[in-house]
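So the structure is just underneath, and the comments pick up after that.
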Amino acid sequence: MNLVLFAATVAVLVIMALALVRAFVGPGVYDRILAVNMFGTKTVLFIALYGFLTDRPEFLDIALVYTLINFIGVIAVLNFVKDTIEKDQPTAEPSTEEEL
Amino acid sequence: MLYLVFLTFGLATFWLLMSGFWDNPLLLSFGVISVLLCLFFAWKIEKKYPFHKAISLLPGLPLFWMWLFKEVVVANIDVLKRIWLPEEFPLSPTIRTLPMSQKTRLGKTTYANAITLTPGTISMDVKGNEVTVYGLLKESVDDLEKGEMDKRVSKLEKRIL
Amino acid sequence: MEILINFISAILLVLGVFLGISGAIGLFRFPDFYTRMHAAGVTDTLCTACIIGGLVLQAGFTLITVKLIFILLFTWYSSPAAGHALIKAAHKTGLRPLLRKDSEQEEKSS
Amino acid sequence: MLAATSIAVARMRNLFAAVMLFGIYSLLSANIFIIQDAVDVAFTEAAVGAGISTVLMLGTLVMTGYKEKKPSRSSFLPLFIVIVTGAVLIYGTLDLPPFGAADNPVHTHVVPRYLEESAKEIGIPNVVTSVLASYRGFDTFGETVVVFTALIGVLTLLGVSLPPKTPAQSPNEYPPQPILPIMAKLLIPYILLFALYVQFHGDFGPGGGFQAGVIFAAGFILYALTFGLRETMQLLSPNVLRALAGIGVLLYGGTGVVSFFLGGTFLNYSVLAQDPLHGQHYGIIIIELGVGITVAAVILSIYYAFMSRSKALSTDNQIL
């Protein structure tokens, strides 16, 4: 059983990495926010799984904090993005800024 | 006011279940204080923005959740097919404005969230009695237009009023 | 009995991970932001439910289960709200979605 | 992944994206803390790093503009300095004993005593809390005061003003868009209660004053984001917050003084009750409460101060 848990933990890490790549390449602010949001929810799962893997179920408290913070963070980011980027501004940035 | 009564129950349950120390008088009294503090803020918010008697979706909720869960599973399979076999199942993104029959804000919110929760459709805008839906597939928006979900949410809402 | 529970739990975990990976791949395969939202939706809903469900079976009937269920409830309550806010903000700031040809008119008329 | 993220942050010219990646960076480092079993640190990192600092940095961005200026000078000199500093640091670490070795000074000095005796002397299960609040009571007191001083600094620089009332909104109406306000209203009481849970269970599991304060503030920030800043200020006014921040510090210091007068030394709580164990326990609870109140009040005040500077943000939002 531990093997399955371990595999699942690693797999969630892989998902997180993929989301991270999406956050790096963009394009555009909203794609990044989406990727960050997904990264956050997967972090929650990662912590929960890792807690079970190491038999430390009090990690779940942290996972719960993450869900809260992630939600509030996304709302906050959206609020600011909306206020700062004017409607006529293109949301996708020029490609030179998206290298990496 | 009924909302606050329910909230008290909810908060107390939340505290007891989170804490797990049911025989420690010190922590229990802290629990009481904390719940009261939260209730105070909830009451201030409630005074300003009341739920229109829209208190307990509770009795019908489990059934609705079960139905919703089934919908979510079906919709997930749909989207999965598009992810893994893009050639055989092409995308057909669609935007359409649908009517909603809910009367209260809470009902409308529930409906919009149920739409978003099922992958394949996302509620994009709620204006008056209409919701703008963005769907990954034309078919899923068509399904939504048939209005089964709408009916179910409205039925939930009727219990409130 | 325990073997059975472990078995179901393992299946749920694997299923959840599969869904998560599909979602992540969808994040790359889908052509634009709006379609990608749906891919992320897959991971937020059923993937979380499956993994948490698998863990619940592992934990048995304890307070840990309750906390797991709180996490699941909170995710299912907050993720549609966040998704709605996200797509709405994107739409209002003028990011154009890819649409089917014949649905262009629908959008204009609405 | 941590390294990749930090490189990406440094390369990003769009500061919005950089801030978001910072959020990810915090989440990642919190994960590393978790893997190293430093649960309390991870808790703090999650709450402070990923949540609040992101929000505050965004607030700063709105005030200053979100594109970084193209650097005009060559980046060679800074690079050189960074490399030299890094080399010196690495050279320094060569002298350190091997990582995790059992006879490291860290492990032989006071730590074994903390770990072995804390259960006996303090009587609470979470060692981190007892170290933080009891053995290292002075340090933590200092930190609390630092937080408080930060508040004074920010308030002197920025000041808080009540944003103007928006004419479009009648007093008892919801904001025009139902979804987020309703969800926020449903969730906020539970968020606040969760914060209090973290506050009072710091002795049993991960958590404590700092984390609880942050989560509590986050609940109100969510309210501010969905209902507007003015509403939030009416719910919990800046003046009350300022008073609370002071009260928190006083509560902490006061506990120390009381224990001093009861015959112990400053911040030695053993004298607070008949049984030293109980005395320690009560002392820790009280000072954790002090820390929590201060942190929550300070963070929320700083948030108010930042947001009321920007007119666009303090009015109600139509889009969300």
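So that you can tell them apart, the chains are marked A, B, C and D in the order they are listed, and the count of residues begins at 1 in each.
Methods note: contacts are C-beta pairs under 8 Å (C-beta built on N, C-alpha and C of every residue); 3 or more make two chains touch, one makes a residue touch a chain.
Since this is a predicted model, take the numbers as computed values, not measurements.
> Kindly work out which chain lies most centrally, taking the average of its C-alpha atoms as its position.
A
> Looking at chain pairs B-C and B-D, which one is connected by more C-beta pairs in contact?
It is B-C, judged by the count of C-beta pairs in contact.
> Taking the mean of the CA coordinates per chain, how far is chain B from chain C in Å?
Comparing mean C-alpha positions, chain C is 15 Å from chain B.
> Need the CA-centroid distance for the pair chain B / chain D, whole Å please.
31
> Which integer distance in Å separates the CA centroid of chain A from that of chain D?
Inter-chain centre distance comes to 21 Å.
> Averaging over Cα atoms per chain, report the distance between chain A and chain C in Å.
Once rounded, the distance between the two centres reads 13 Å.
> Do you know which chain B residues sit against two or more other chains?
In chain B, the residues touching two or more other chains are 14, 18, 112-113, 123.
> Which positions in chain D are in touch with at least two other chains?
179-180, 183, 194, 319-320
> Residues of chain C that contact two or more other chains, please.
Correct list: 23, 25, 37, 67, 70, 74, 77-79, 81, 84-85, 88-89, 92.
> Provide the residue numbers of chain C that touch chain D in the complex, in ascending order.
74, 77-78, 81, 84-85, 88-89, 92
> Considering the complex alone, what residue numbers of chain C touch chain B?
Going by the criterion above, the answer is residues 19, 22-23, 25-26, 29-31, 34-35, 37-39, 41-42, 45-46, 49, 63, 66-67, 70, 76-77, 79-81, 83-84, 87-88, 91, 97-100, 103, 106-107, 110.
> Would you tell me which residues of chain B are touching chain D in their complex?
For chain B paired with chain D, touching residues are 7, 10-11, 14-15, 18-19, 21, 27, 30-31, 34-35, 37-39, 41-42, 44-45, 48-51, 105-106, 108-109, 112-113, 123, 126.
> In the complex formed with chain D, which residues of chain A make contact?
For chain A paired with chain D, touching residues are 16-17, 20, 23-24, 26, 29, 32-33, 36, 39-40, 43, 46-47, 50, 56, 58-59, 61-62, 64-66, 68-73, 75-84, 93, 97, 99-100.
> Report the residues of chain D in contact with chain C in the complex, numbered from low to high.
179-180, 183, 186-187, 319-320
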